[in-house]
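Have a look at the structure below before the remarks.
Labels for the chains are A, B, C and D, by order of writing; each one numbers its residues from 1.
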Amino acid sequence: MKDKLHFIGVIGGSEVSPEIAQLAEEVGREIARRGAALVCGGLGGVMEAACKGAGEEGGLTIGILPGESRRSANPYVQIPIVTGIGYARNVAVVKSSRAVIAIDGSYGTLAEIGHALQSGIPVIGLGTWAISMDGKEDNKIIVAKNPKEAVEKAFSLIGNQE
Amino acid sequence: MKDKLHFIGVIGGSEVSPEIAQLAEEVGREIARRGAALVCGGLGGVMEAACKGAGEEGGLTIGILPGESRRSANPYVQIPIVTGIGYARNVAVVKSSRAVIAIDGSYGTLAEIGHALQSGIPVIGLGTWAISMDGKEDNKIIVAKNPKEAVEKAFSLIGNQE
Amino acid sequence: MKDKLHFIGVIGGSEVSPEIAQLAEEVGREIARRGAALVCGGLGGVMEAACKGAGEEGGLTIGILPGESRRSANPYVQIPIVTGIGYARNVAVVKSSRAVIAIDGSYGTLAEIGHALQSGIPVIGLGTWAISMDGKEDNKIIVAKNPKEAVEKAFSLIGNQE
Amino acid sequence: MKDKLHFIGVIGGSEVSPEIAQLAEEVGREIARRGAALVCGGLGGVMEAACKGAGEEGGLTIGILPGESRRSANPYVQIPIVTGIGYARNVAVVKSSRAVIAIDGSYGTLAEIGHALQSGIPVIGLGTWAISMDGKEDNKIIVAKNPKEAVEKAFSLIGNQE
């Protein structure tokens, strides 16, 4: 099972608009349709919507929680990991993923994007942050136009890894 | 799935004798036979033997890894969680479990026992540490005589929780 | 002592050009001249240069290290904190600071900026990342033109806090 | 400064009897008298009493806090490190110390003792846990009869390290 199951991370804010939640749900569905497991921070907003979508398609959902109790997980998390380490759990969310899809985004999402790029994990962005230095855009955050394209890009990028 | 799946932790040293490994493997088998998922630190020794046993009985195995790569997981881990936080991941192993079974034991296992008791998570001991203060034994580590009894006690204790 | 000593964080890459190192050293000097303690990740590059500058002016330097040994600290760290939690220690660097000054910047610095903004800690940027969403720049990273201005802005921002 | 300043950890419960608090305060005083800095978890009980004692003798006190705010530090902490990683900060307390003195002790103290022994950091016990396996006491926790002896033993043990 280990060799076959890919883990795709979905990162984004815990409070989002219905439009963003719909995008996240569709990303979750696409990940599950392609047979990968979904990794996220386990809470609400983008995380909950993505887990809901993945679950509807029979996919596996893993929530790496910041707090002290599995009860803080959204109802669509099947594997709750209770870290008790607060926001530092963001590092575990990205490191456990072969690629991450960033949707919309709070500053916490920006932190996760930074951790992912620092660790060499591909980041696909769907309406998320753009970053630049000295007026020059950094193109490491790969832009996707819609949920399907985001998941396709994520899979094509992990295909190049071992 | 979330409501039905119980998570039982197995903690113990990463380098152990064949006798201890056999105990751990049998603990893993019993956990899987009873339909629970096994949570551990994902490395060798007790962790690997327990995952092997659980996998043979069709159980789910989760390894919460200290390092930076899923490749450090033993071959029987199905869900590798890559934390990158070193020994501090021990806290996540115990907090993600409804009860933990401590087998044999290095000082790392002692730390995990302390974290579990601090968090109110039942600890069942199989040839592991005993602790005392002022010459008086603390009986919070529940002693089991064999793998079957250890797993039975773990399940009876989580039965009392919500 | 606790009430009087302010902690200012300095974040930036561990391998930088001599020009960037000089900026960081000057930032460290300014922080010490104003009587604040310097908090950083304790390693090389921006962190080392800033500690060197602060030390030259008699300032206190705190290095919150990712690894397992105080020997990994740069020679100008006076208070080495050994976390053993890897990159997750970035969270501790920013949370221990009243304001952070980001210089140049790797992706790790981007992660630290995200953690700081998420926690409501002011970020002053000196030749570092700019962030935008939907083509609109987010102005939460306060731009400084030189080390002196960066430190002045940091102090003016913490003045508004309790 | 770095080469001269030794860091001695003091670990123990956050709610203790006046007798235990007095022991902790005396340990803090002795550490400061010998010119070392005191490292602890920064909260109440043993930690607060030890910081109070150290401060009275002009010593430096470092509190590595579990939560999100420096305001949770006891009033005698001079250098508050805000980790935001909860109980996992215990790892940082012991790793930042050349030796740790365990006083009395909750289960959290037991976890810290385990982390210290796992990392090869000497542990001196003052009315704290004893540990045994297979009915045989493990003598790695070095027993001290009083605060002065505890601190003397701590210094003699770090003397053997680089």
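Definition applied: a contact is a pair of C-beta atoms (placed from the backbone, for glycine too) under 8 Å apart; a residue touches a chain by one contact, two chains touch by 3 or more.
Owing to the predicted nature of the structure, the values given are computational and were not obtained by experimental measurement.
If you take chain A and chain C together, the chains in touch with both are B, D. For B-C, the equivalent interface among the listed pairs A-C, B-D or A-D is A-D, as over half of the contact pairs agree by residue number.
Counting C-beta pairs in contact, the pair that comes out ahead of the other among C-D and A-D is C-D. Rounded to whole angstrom, the centroid-to-centroid distance between chain C and chain D, based on C-alpha atoms, equals 28 Å. If you average the CA atoms of chain A and of chain D, the two centres end up 40 Å from each other. Counting partner chains per residue, chain A shows two or more touched chains at residues 68, 84-88, 91, 119.
By the touch rule above, chain A contacts chain B in their complex via residues 1-2, 5, 37, 62, 64, 68, 70, 73, 75, 77-85, 88, 91-92, 95-96, 119.
The touching residues of chain A, when paired with chain D in their complex, are 68, 84-88.
Here chain C touches chain A in the complex through residues 85-88, 91, 105-115, 117-119, 127-135, 140, going by the rule given at the top.
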